[in-house]
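You will see subunit A twice below: alongside subunit B first, and alongside subunit C after that.
On to the complex of A and B.
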């Protein structure tokens, strides 16, 4: 069993490394294809041809693609993500400075979504066909359908402007935790709302599927209390697809919360990439995207490994039915 | 702002969220609060490099202007120059400017007193070729003609030019490229000086955080007096709508906004919205080399086929003033009698027929910003009436700004763009000389007459003669019909009513140290 797990883990690690490599290869290829001269875009009319050439040389963009990729990867192995040619700041430092904001926002939003979505999904499944189930279905789909930046503006209008309960912008004072927490509430809610809908719908359908399985009927026949059947046995099995969704969710939000970050003027990895890409600041884009890809792969690896902890059948190589 | 949640408020909030359509309140407690010792202002780009030689744009320049001193500087809300670090600046000949520093001006972080050596180092690192392996400043053009700076004493020196430069005072000495850094600090801190600058200006940079902005704190060692506010929080907020909400909520004191976002703020008590003419120049350029636009009659037809006022109505809600030539009113060489072309479809059709241009199909390249896209759509509809089919090619900044470079520029038909101006005519004219073809002269406008006038105007120190040359140069541009001038833009300032913001005319170059209570 241990050997099997080790083999599985090793194969997953190799796959993960290949995914990271593939993603970077794609990124480098795209950066060569995207129109726009970085020197001109970054510097505007001041970019004389001589200065533009110097700038391109400093960015390493005058080298062949494979050489740039090789140089980038060998630097990464030594912990060097490159240098922002504009400010001379190390990209690793820039990424590290915004990463806490992204982590707090992403995990906070996903945590909030689980906290609301799972109970709603269970409630809908246990009250199938009722008015409450139908209302929840409507609300869930509405939550999924409304883009997070629209929710963000609406939340700002209501809670910051009209009711004046919460601040509008920024991530708060660095040495004031209370201020930071208050400024996190609205962006977190804006991001979480869509995922509440997703999770509620998924938990409901998984629960209904599991509740119809023979072992649940058997438990009921043995007189095990319904509460125990629902929350201890059915919910545990129904959680597996939800965990997969959460893995995807965390991965997506790590780099994809950019619209909410823009609306709330919060620092974050998504915004770092967006801003850098819009001015073709490729060293920053490459460094930040690599971090997002690695985080995405790691989170999904952890999610995959967690299946076997939840469902022993996985450990034996079988599929969860 | 305290969190005090009452039942009624909760119900009100829930109901509002449910209905979606919200009537915003006209009053807000914090928005009406009185003057404070700290203010927060919004910028649209993240401050990057607080070093005058390697700044990345006007947003960096606005911070640099208060962190460092110059020999001379612009008065608050004025184009006039006054002494700053210098006690005296004298143009002793067309190519020599003598200066004498005020004694006792010290740099922050213990880097000592400013001397003429610092001035020499500051000017030459931008204006001269760097030493081998050194990095050239992209702003070298601001110091066009600089030969050397001589140090004649601890506080005295001499700027020596190879040829006269009439724009030197406004473009270099009095602006960001004339900011004086500490030689010792730059050499000691190296690249770190970009983000940990050492200056002697009215404010010191207290913090520079990626994606958050900068914090400026009044510099207690500044010799020129204390600014009105102890602290200026320069906040990077990319989204206009979020900026509007922050102004309403009282979290922000000053911002420049597009007309459509700023207008509704007029009704908010405690806020003032005002319009200021800009110093940018926005125009539509026609590639003079590419058929059929290489025929002047086709270019003239296009100019007559367009209704600029209608385009401005679509792009700027009609709030931006029309521009009829390159140089706007506050700058020397403004041409008040420049022709204001009116739409004449019949004449445009006649010109096209005379040129034998049938089924003309042209591409119009624009930035993917609402104002440009809206104007492009109007232009497309108007040119359709004269028989010219236009395809609008809207690109993001990266794709747009590279389009006219090198040989790629030969393929451009028409484009619409914006350049930032300064209070000197040669700064605006420099992009249209022949040597800029393939760089920034996307019209590929090659006029020896214009080149000569631009060169002579730069060397002419007599304002009246210089003005005449600049006007003549604009007439040459007008005769080419390669330019359809649109506007020099308008800035909508939204700020607390107790705050009086300050800028060099044009609202590109802000003066944080000139911000005061009204």
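On to the complex of A and C.
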């Protein structure tokens, strides 16, 4: 048993490392592939020739490719994500300063989605086949299908512009926690809504699956109250696939966060990448994308490990999917 | 007509449920608008009419006009063409690449197979929008890049299903018989494997249409996909969003079009899956 766990751990670690390495190679390849003169592409046509030459030398763009790759890899491993072309600030610092905003947004959204999705799923499962179940099923699909940036725009229109209940743009005053919380509500809801649908559906189907199992029947036969059977025993087993879903969903959530941050003009990783992109500030894009990928891999790894800790059956099966 | 009978049967089953029928109806409307856009539209989608900015919906302009006085209804109809063209090309590309890789993986020695599977894991675990940002940063925004990004993102979906299907097929007696009779790999793949694994792959393709529509609209909304003045739904939403203080009609109308279309294709795809094979579960 222990050897299996160790093997599983090792294989997950190797895959994670490979993903990060793949991302680094890809980002490096992209930067090397920049068509045309890299200085013109990165700096724009307004750059003077002297500045362009100096820039090329400083960025090491005149060195052979393998040297640049080596430099890039060793820099990243020592935490040096390069320098912002425009301000000269280190990219790592810029990324770190906006990361909390994206964190609060994505994890807030996950929390909200679990809080709403799990009860809805349990309700649907315990009222299987009823009108409410069918309506919930339809609402769940609608939540899943509609893109989060559309939800974001519509929420903004209704709650900020028409009803004037919540302030719209930005993350709020840094010292005013209440202001920050109020400005977080709409972006969080926009990001969470699709996941409410996903979670509700998944909890419903896995609840139904678990409820059909012999051990639940045995509990009922022993006269354990239905409420206890549902919430304590069935729900616990039914939550396992939900955790896996969330792990796989973090990537999509981060992607959705980019769009939501832009709609609501919130600072964050997405906004940082987008703003850098519009001025072709490739080092910032590169560094921030890499951080997103690493974040994503780490979260996935944690989810997978907690998954196998919660459900011992997974350890034997190898990859938790 | 005999060839069409299974298709008719499946569609009847799809329309047997309320969500399925609703989805099928929306799909037909969107497809109709996309194919017959020049005839369905009432105006030239790009014709400016500055005097008539933000006109309210009327008999002349069914859904009103946008910030440049262009007819919103006609732009939405042309948006359907763009969405469908992008979705179908991206899915065709992903279907081809994914199926080939999936079949290859099933046939390769374990180490090669593992490499392909890791590649699939890497692609599908990448936050695709973030990857898209990096790619667009280098190559610049274009409709073609949207197709490439969506195609790469979806390839693992098809690859995994194709591989799983081949693995279950490979030891089937009829294939063994073919091999003993001396059939080569190409014959086995094209004559026997492909026709047998196409069903689930087509279901998957239909379920991925709304995914591509969303990717296209999202990138275009950011100004990183289909470029204005082309009337992609994402571009229309961006236009409307920019002029939200002047009029809320364009943004609501174009968001609603996108939302209804993705919902319709999702409902249809899920009904199709349930009709063809309830066991297939979309990996997300």
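Here is the rule we go by: the second predicted complex is superposed on the first by the 264 of 321 C-alpha atoms of A that agree within 3 Å, B and C clash if a C-alpha of one lies under 4 Å from a C-alpha of the other, contacts with A are read in each partner's own complex, and residues count from 1 in each chain.
Here is the rule we use: a contact is a pair of C-beta atoms (placed from the backbone, for glycine too) under 8 Å apart; a residue touches a chain by one contact, two chains touch by 3 or more.
It should be emphasised that the depicted structure is a prediction, and the values quoted were computed from it without experimental measurement.
Once the two complexes are overlaid on the shared chain, A:119 sits clear of subunit B and of subunit C alike. Once the two complexes are laid over each other on the shared chain, residue contacts for A:300 go to subunit C alone; subunit B is not touched. Judged by the touch definition given at the top, the superposed model places A:111 against neither subunit B nor subunit C. When the shared chain is aligned, subunit B comes close enough to touch A:98, but subunit C does not.
Of the two partner chains, subunit B is the only one that A:272 touches; subunit C does not reach it. In the superposition on chain A, A:22 contacts subunit C only, with no contact to subunit B. Of the two partner chains placed around the shared chain by superposition, subunit C is the only one that A:254 touches, whereas subunit B remains out of contact.
Of the two partner chains placed by the overlay, only subunit C lies in contact with A:141; subunit B stays clear of it.
Of the two partner chains, subunit C is the only one that A:292 touches; subunit B does not reach it.
Subunit A uses residues 34-35, 41, 153-154, 157, 161, 262-263, 277-278, 280 to touch subunit B in one structure and subunit C in the other. Those residues of subunit C whose C-beta lies close enough to touch subunit A in the complex are 19, 118, 121-122, 125-131, 133-139, 210, 214, 217-218, 221-224, 237, 241, 244, 248, 251-252, 255, 258-259, 262-263, 265-267, 270, 283-284.
The touching residues of subunit A, when paired with subunit C in their complex, are 15, 18-19, 22-23, 26-27, 30-31, 33-35, 41, 137-138, 141-142, 144-147, 149-150, 153-154, 157, 161, 198, 245, 248-252, 254-256, 258-259, 262-263, 270, 273-274, 276-278, 280, 282, 285-286, 289, 292-293, 296-297, 300, 321.
Within the complex formed with subunit B, the subunit A residues making contact are 34-38, 40-51, 54, 86-89, 94, 97-98, 153-171, 182, 262-268, 271-272, 275, 277-280.
Across the complex, subunit A is touched by residues 1, 3-5, 9, 12-13, 16-17, 20, 22, 24-25, 28-30, 46, 48-49, 56-57, 135-136, 138-141, 191-192, 194-195, 209-212, 235-239, 241-242, 245-246, 248-249, 251-252, 395-403, 405, 419-420, 431, 439-440 of subunit B.
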